[in-house]
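Mind looking over this structure? Questions follow.
Per-chain residue numbering starts at 1, and chain names A, B, C and D are given in the order in which the chains are listed.
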Amino acid sequence: MKKIADDILNKVISSRPIISYKGSFGRVITIGGNEEYGGAIIMATNAAVHAGAGLVTCATSKINVTALHAQLPEAMFIDYTDTTKLNQAITKSNVVVIGPGLGTTAQSLAILKTTIAALSANHFIIVDGSAITLLAKNRNLLSQLKIANVIFTPHEMEWQRLSGIPIPNQDIKSNQSKQESLSANVVLKKYHTEIYHTNGSISQLSIGGPYMSTGGMGDTLTGIIAAFLCQFKQVSTSDRIDAAVYIHSAVASSLATQKYVVLPSDIIAELQHYMLISQKK
Amino acid sequence: MKKIADDILNKVISSRPIISYKGSFGRVITIGGNEEYGGAIIMATNAAVHAGAGLVTCATSKINVTALHAQLPEAMFIDYTDTTKLNQAITKSNVVVIGPGLGTTAQSLAILKTTIAALSANHFIIVDGSAITLLAKNRNLLSQLKIANVIFTPHEMEWQRLSGIPIPNQDIKSNQSKQESLSANVVLKKYHTEIYHTNGSISQLSIGGPYMSTGGMGDTLTGIIAAFLCQFKQVSTSDRIDAAVYIHSAVASSLATQKYVVLPSDIIAELQHYMLISQKK
Amino acid sequence: MKKIADDILNKVISSRPIISYKGSFGRVITIGGNEEYGGAIIMATNAAVHAGAGLVTCATSKINVTALHAQLPEAMFIDYTDTTKLNQAITKSNVVVIGPGLGTTAQSLAILKTTIAALSANHFIIVDGSAITLLAKNRNLLSQLKIANVIFTPHEMEWQRLSGIPIPNQDIKSNQSKQESLSANVVLKKYHTEIYHTNGSISQLSIGGPYMSTGGMGDTLTGIIAAFLCQFKQVSTSDRIDAAVYIHSAVASSLATQKYVVLPSDIIAELQHYMLISQKK
Amino acid sequence: MKKIADDILNKVISSRPIISYKGSFGRVITIGGNEEYGGAIIMATNAAVHAGAGLVTCATSKINVTALHAQLPEAMFIDYTDTTKLNQAITKSNVVVIGPGLGTTAQSLAILKTTIAALSANHFIIVDGSAITLLAKNRNLLSQLKIANVIFTPHEMEWQRLSGIPIPNQDIKSNQSKQESLSANVVLKKYHTEIYHTNGSISQLSIGGPYMSTGGMGDTLTGIIAAFLCQFKQVSTSDRIDAAVYIHSAVASSLATQKYVVLPSDIIAELQHYMLISQKK
């Protein structure tokens, strides 16, 4: 198991080609945010925009459109209950984030099914939060998901639900075995987060701290991973994921010299600057 | 009566354990904000998030969800008229704030009753503003409230309503006697705020100033108290309350070197930084 | 005609009494903001809060409540079509602002009538924008208005409508004669704004500049005047008005060293700081 | 083909006349922002306000009014489906922006038709995004548009649709020939944007970079062009357009020393300062 070191950022965050268009840096669609957890998908969307994704669409409950646009006019919106539009928007996207604030109702499940049905082999899909819980309960969807490049981002309890491995037994060997059977990358969020890649490598985070223990951190991470997958195609998928996970904590660690607790919104606001200085270092 | 000194912050605001989760720092639910006073519960919620509570849910009128998420995507929302969800959310919380912007209508009273019925012996509940007024008029609810750890945060007129002691007669002995019969902590907000603790001690604030005399200050205080009760379990309840009351004025005092009047939003924005430097001092 | 000098701020912006409450600094109600011009009343309200009014309520179209609370949770809201609540809120207020974004429809007129009917001799009322236009067309309301302390804040075209004096003929003598018959203070907004006071004095502004020629400036001024009338009761009404008009341009002038055009939101954000340094100078 | 040099800003951004009114700096109306792309018209509007237009009205879907006012109370709103009001507002405006987030539905087309029908010979109209696509499909509208001073702001694909010239064949001669037949200015957005003026001159941008390749950049540019057309009437239309295009990239380039990707909101926030220092240089 390899510790992710600071040089991952320098390796992954490359200079943008001089001649480029917003399309050059990919299209992300973020799917989630029901009537109660709208903030979660807003943070994911905001992180994707600030981390450099070319175009970002947020598919969420109609109740969330104003809060989204009030702080992030850069994002587009679709009503996630409009199946036709959701399907079209996924088809046009390179990276899908599903889960932040999605909930676990019948409607949430229907949206997850529509999403999975729209995936192709070229898609990346980041599956987080309640989408993981829904998949744990709807095993038949798991195999359909395999058509795409999948990144699960569970915390330990969600991983227990998905993998069937109780938290105390979540050792490297068991985790990797399960990850292989899922044919997916797994970002297991915990103290010293572990990342199990489909290429067989395992990475571990050794930065970050308890100033990050606050609601919305995981939602924010999904947006950063999405943006990194979109942009940095010159490096491997595993490096892109590792760099996204690393920068999320590196920014927080940097801000923790000024703040007792670091909020997701603080990290989002600092991403553009931190990406620049990481590239230059 | 003990003056609260600056060292209360150093004593209470401890380093977070290296291995911790958002759940380690508690769940707060803030209840209030009717169709007219939505700002009050938003400020309370915002203060709780910035003061480090692990997870914060705002139970308010549906009209307030967008204004909440537009400035604070970190918070979750529930419609406070949904009795089932409100009850569930309270059950899962460690600290309840009720009152900011709640109003005094029949609906407000119904929400207060639902809240009190959902309390257990493990709960902390901070009772502020219109919730105090409602309790003063509905004495039967007062005894039901005693099941939990109660903190009342009245200003002098609200204390008159609740205690029956006219403002001119609100001396220490009378206040303490009434506080004891309420089996609750009382934060009596006034020039040099007095805090009557259930352990029999009395503390007094000697900082703060007239730059804090502006709408929303009390709402903001409730959120800070809630976050401190959640997080700093290694010290006594009375120390946590004293520290929360102290930091609220200490931050304002610090900002008053730059501003003629200090707004609640200014205090909220500075909390994370002030908590860090207070810890380090 | 006296030029308002910088020392007006030092004279008016006094230290707050050590023992004070939000009620000590007055209650402002701002009335306006229809379905199209909601921003106008939000700026007036925001200025009143930042300029130190103790408690501020915004009476506006229901469509504006979320935009108000998203940026200013410190303010309270009432639906301006709820006549009973509007009447109660005015009765409890010290200073009324009416006009920013009010419009000139039948509904606007009805709200103006309700407002005037609720005034007492103790009220200050600042009449701006479309409320001036409405009064110019509804002369019978003008005499009812006289019960209160009135401040009109017309620009030259509005003054032409209200006074009947064509812009080219708006000389000092004609203006003062009309102002006397109105029994009101008149802040005639123009290049080098003129202020005609009910005490017979006339003041003139000699600061400010074309960087202030942008939408919303006048709305912002009404909120500052309201806050100054509320707070600084130790000086005359004329001094309070002069100081409010002066600081509005002084802040803009200060910001114009950094910005080609100065927006109302920029001025609002700087008010607290500028009031502090003006007091200390 | 002339490279636009830095001195264009110094030439165009003049000192404002000492005696001036918001009306002196023109009225802009921005038209667009359907239920999904509200952010686009908000960014255009925000850019127009920050770039110094005197009065700015945003005609958009009613769903966007709160997000607009939450971040920009300086702008006015009208419902773009209210044909009467839209027509009146256009008549009163000097510069019209149409297209950002407008969409390509029957409703979008109806709004475009209403807009074109309201134009006079004195109007400037900036036609962007989906409005270009609509015009490419509705050729009869193109000739009606010629009554006004037209500025098209297509990217290469939109130019292909409008001009019929495939992207690989978009050479200077072909572009200019088509631009002449359109009797319009064409800002062809690409790597080193080209501007074809109605006076026969062609300008080219040689600044900017891939940090600008993110959603919303073009929307923001329309607002800046609108504000520059409104204000700087002492120079030619072609200089005003060149300066607006230049400053958009110059601000981004300046911010790119601090940020890996520069967002439209970042550019908007810096415009007032950059205009000041450009004027002074």
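The criterion applied here is as follows: a residue touches a chain if its C-beta (ideal position, glycine included) is under 8 Å from a C-beta of that chain, and two chains touch if they have at least 3 such contacts.
Chain-to-protein mapping (UniProt): A, B, C, D = ADP-dependent (S)-NAD(P)H-hydrate dehydratase.
Just so it is clear, the structure is predicted and the values come from calculations on it, not from any experiment.
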| item | value |
| --- | --- |
| Neighbouring chains common to subunit A and subunit C, by label | B, D |
| Interface numbering overlap (same over half, different under half) for subunit A and subunit B | different |
| Cα superposition angle of subunit C on its copy subunit D, in degrees to the nearest 5 | 90 |
| Distance between the centres, which are taken as Cα means, of subunit C and subunit B, whole angstrom | 34 |
| Overlap residues in subunit B, where contacts from two or more other chains coincide | 66-67, 70-71 |
| Of subunit C, residues touching subunit B in the complex | 13, 16-22, 24-25, 49-56, 65-66, 68-78, 272-273, 275-276, 279 |
| Of subunit D, residues touching subunit A in the complex | 35-40, 42-43, 46, 63-64, 66-67, 70-71, 155, 191, 209-211, 213-217, 256, 258-266 |
